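In the two complexes that follow, subunit A is the common piece, with subunit B as its partner first and subunit C second.
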Partner chain A sequence: MRIAGNLLLTLVLIFLIGPFVIICIAGLSGGETLAFPPDGLSLRWVQRVFEVESFRSAFWLSIALAIGSTLLALILGIPAAYALDRYNPPMAETIRNIVTAPIIVPGIIVGLALLRHLVVPLGIPITLALIIGHTALLVPYAVRVVSASLVNLRTDVEEAAVMLGASRLQSFFKVVLPNIRSGILAAFIIGFITSFNQVPISLFLTGPGVTTLPIGMMFYMEFNYDPSVAALSGLLAIMSLAIVMLAEKLLGLSRYV
Partner chain B sequence: MFANRRLGILLLAPATLFVLVGFIIPVLILLAGAFRSGDTWTLTNYIDFFGQPLNREVFVRTFRLGLIVTAVSAVIGYGVAMAVVEAGPKSKGRLVAMLVLPLMISPVARTYAWLVILGRTGFVNVALTSIGLTDAPLRILFTETAVFIGLIQLFFPLMVLPLISSLENMPRDVVPAARVLGASWFSVFFKVILPLTREGLVVGGTLVFVGSLTAYVTPAILGGSKVLMLETLLYQRVSVANDFASAAVIAVILIAMSILTNMLLKRLASVRRGR
Partner chain C sequence: MSDFLKLDKLTLSYGGPTPAVENLDFSMGKSELVALLGPSGCGKTTTMRAVAGLMKPVSGTITLDERDITRVSANKRGVGLVFQSYALFPHLSVFENVAFGLRLARVPGAEIKRRVDAVLASVGLSHLAARQPRELSGGQQQRVALARSIVVEPKLLLLDEPLSNLDARLRLEMRSELARLQDELGITMVYVTHDQAEALALADRIIVMREGRIEQAGTPEDIYERPVSIFVANFMGFENCFELTDGKLKGIAAPSFETGSAAGVAWRPHAVVLGQGPHTGTVIGASYLGPVVEYLLSTPLGDIKAEAPASAPRHAMGQAIAFDLPQAGAVLLARP
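Right, the complex of A and B next:
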């Protein structure tokens, strides 16, 4: 029984993680087309990833979009989470449902809805539309993660600060914020990864010249069968791994996921 | 908790307004489009949509694949979760980290790996032809099998994590007790373990099911236009044919499934709290 269980566990882990090993090796191919095992080893396709202009611009757009929309989601989400937890506002349940709604709507529908009923009628530029879509997706994460760390922070420290003469604003910035710092950092990392990897929302909101990296990769692989996407996928996997390991070391991210 | 309600409303307003204007209103207008034709409210869009054999086929396929992926992940998930729990607290952390890892990596990169493995010159075909099992490369890509494999890899972690935590919350000695009293492994699983971990199974199952129904990247890359699912059909209807009526109908189906599932999860959570 025990041996069978461990065998199954090993097979499943190979199934889950093996493909990343294979893609990293395929990205180091020396041949012209994607193949496994690869025809010789070289770094030419890794180098090529950095030379393709569309990958480069898409990478920077994705980074900027991920940072911008995560920050915006936190600026909107932190006060909302704080008010929901501490002020017991009217219709709290309804408002919580509204601000966490984006998580239950499939991204492709969000993208299409924004394109048809916000971007086109109001003439909003495409980059702004991308920021709106990604921020809407991330607000629920920001509210949930920050709420979780607020629940763990006792309210009497704030009461004490106020009683000792601090204003509400001072007590928020000097007492509350430093205490939920790791929750905010966790929300930032989750938001960054979610936005950076996001495909469906961006699908309808990207156009020629304005493309996020995952969308750019999908279009590239439709017309090219060379190992450069494999090399890029390998690099992205290593990047996510590094971020997650760093986060785990800094704050034990797994508590929040 | 604090008395000043007006301040509370002020703090909530930006997020609420942003989500309303930048998300809820556009989505509602889109969904309303599914019930409109010309200037009247009607269900003709649904009749037209389900009148097409291709659309019916995609609808059935999406639900079928969703159910199969959920069932297979549940069966394997129980085996893996039990092995993880039995491995003891020391190695548990490392095992869970390895199981969660794929969730953090770009779905495009994750799915592309299967292109390398299942493609004509990929790992599987090279292996099969070199040991002489097949003469010509097998066609695995752009079949339901390929989409199934991709979806399992993508969503298995969402099934196994809730199963691990509900197995851990199960009282330690119920399984040995049932064994001592003469129950077979079969009846131990169905009469003891399954009822006690039902909650984890429901949470994991709904996450995997909704995830599979609403997946875009996996069917787009591994299924292409041969194996359409609801999301890839939606994209195709809009980008190829400007057919917004069908897109709205698909959107209603997907959102309805997603909301139903979410309500189920919420009810489960409140039952747990009330106990």
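Right, the complex of A and C next:
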């Protein structure tokens, strides 16, 4: 029984981690086409990743988009989470559900809707459209993660600040914000990774000359079937992993999700 | 100045059908310590929050130091508040918790250091200045909360059940420390509590509240020795309180003294005479309390608590026993 359990566990782990390992190894191939097992080992495709101009520009756009839309989502999400938690407004539950909707609705629908009814009719530039789409996707994460850390902060701590002479605004910045700092950082990291790895919404909103990295990789693969995409995938996976592990070590990220 | 703090016809409501506090009038002098005493739900904490500015009154005015503060926001009233839960800032050290109010007031750094050090010394916490609140015991957190409130020198300090989260020994210790601080600094204090012993020990004046109104106000001696109603008498440890109808007790012969128009009469357990007297009861309970034994008697009047010295011969359960409710030790109560 014990042996069977361990065997099952091993199979599940192989199933989960296997593709990641295969891609990493394929990226280290010495051959001309994407293949596993690889034709010998070399770092030439890893090196190639940094030489492809479209990868470079897409990488920086993705980074900027991830940081920008996460910050916007936090600016919208922190006050929303605060108001929902502290003022218990009418229809709080409904508002919470609407705010959470973009997590539940498939990204492909969100992307199509944004394109068809916002971007095309209004003629919004591609970069702005991407920021709007990603921000809408990330607000729910920001609200939920920040709410989780607000629940642990008692309201009388804010009243104590007021009784010592602070205005409501000062008490928010001097008492509330510092105490939910780790929640905000956690929300930032989750938002960053979600945006950076986002495909369906970006697929509709990217356009000529402006593309995010995951979309850029898809297009690249349509025309070039070489191992550089595998090498890039491996690099990105390692980057995401490093961020999450660092966050877990510093903040205990798993408390918030 | 006997009107340092004055509440005039104050009415407070949480939006329910009956107001939490109705037409409350009271005033207190500078450097006085007044206790608001009553069971939970009597409106004492609500009143305190209104004085603090954390709750807007429906009607009425609050005057502090000859200034109408009814519509002044909480952070500009010069009123301090020590919370029942202490409400320390979890992200700041003890020193920074205490310095918080001074920093907001843009007091120069050197003066902040001097004043925080001084107040921490006076509550005996100098050695813990660098600690985080979560590293402190309940009693220590309480002292930080107190230090944080008095360092900004409020005109009025409100304390919301400040000792209720401490264990019995610490409570006594903090009680005498509060008394000492109030003595030394002469701060005007309103002390909210449901513990009559705390109120008696600390307050210059006690205001007993019931269902949003003042039931009785007076010195601790007034309240303890001359309660005006059965409600206050019960609260002040008169275990045996009885209603009078036309000056008579129900169930037994009227006490042999003039009751006038009183609505009730009360005896403390030690005032009941056991072993002699015109009445008879059955022992249905006995508790050994150290110096005395407290008996519970079943009588035609209802259950009565009586005390006898522990050295006296014990009465057995079920035993019929004579007792008297003498005039000496009886307290007449004007209201039910």
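Operating definition for what follows: the second predicted complex is superposed on the first by the 257 of 257 C-alpha atoms of A that agree within 3 Å, B and C clash if a C-alpha of one lies under 4 Å from a C-alpha of the other, contacts with A are read in each partner's own complex, and residues count from 1 in each chain.
The definition used in the following text is that a contact is a pair of C-beta atoms (placed from the backbone, for glycine too) under 8 Å apart; a residue touches a chain by one contact, two chains touch by 3 or more.
Keep in mind that what you see is a predicted model, and the values were worked out from it rather than measured.
With subunit A as the common reference, the superposed partners subunit B and subunit C fit together side by side.
With both structures placed on the common chain, the touch criterion links A:179 to subunit C but leaves subunit B unconnected. In the superposed pair of complexes, A:58 makes contact with neither subunit B nor subunit C.
Judged by the number of subunit A residues each one touches, B leads among subunit B and subunit C.
Using C-alpha centres, the superposed arrangement gives subunit A a vertex angle toward subunit B and subunit C of 100 degrees, stated as a multiple of 10.
Within the superposed three-chain model, A:15 lies in touch with subunit B and out of touch with subunit C [touch as defined at top]. Of the two partner chains, subunit B is the only one that A:105 touches; subunit C does not reach it. Of the two partner chains, subunit C is the only one touched by A:165; subunit B is not. In the superposition on chain A, contact of A:231 is made with neither subunit B nor subunit C.
When the two complexes are overlaid on their common chain A, residue A:74 makes contact with neither subunit B nor subunit C.
Nowhere in the superposition do the C-alpha atoms of subunit B and subunit C come closer than 8 Å. Subunit B makes touch with subunit A in their complex at residues 1-2, 4-5, 7-9, 11-12, 14-16, 18-20, 22-27, 29-30, 76, 79-80, 82-84, 86-87, 95-110, 112-117, 119, 121-123, 126, 152-153, 156-157, 185, 214, 216-217, 220-221, 231, 234-235, 238, 244, 247, 251, 254-255, 258-259, 262.
Across the complex, subunit A meets subunit C through its residues 153-154, 156-157, 159-167, 170, 174-175, 178-179, 181. Considering their complex, residues 52, 54, 74-76, 79-81, 83, 85, 87-91, 100-101, 104-105, 145, 148-149, 152 of subunit C touch subunit A. By the touch criterion stated above, subunit A contacts subunit B in their complex at residues 1-2, 4-6, 8-9, 12-13, 15-17, 19-20, 22-23, 26, 33-37, 75-77, 79-80, 82-90, 95, 98-99, 101-102, 104-110, 112-114, 116-118, 132-133, 135-136, 139, 143, 155, 168, 193, 196-197, 199-200, 203-204, 214, 217-218, 221, 229-230, 232-234, 236-237, 240-241, 243-244, 248, 254, 257.
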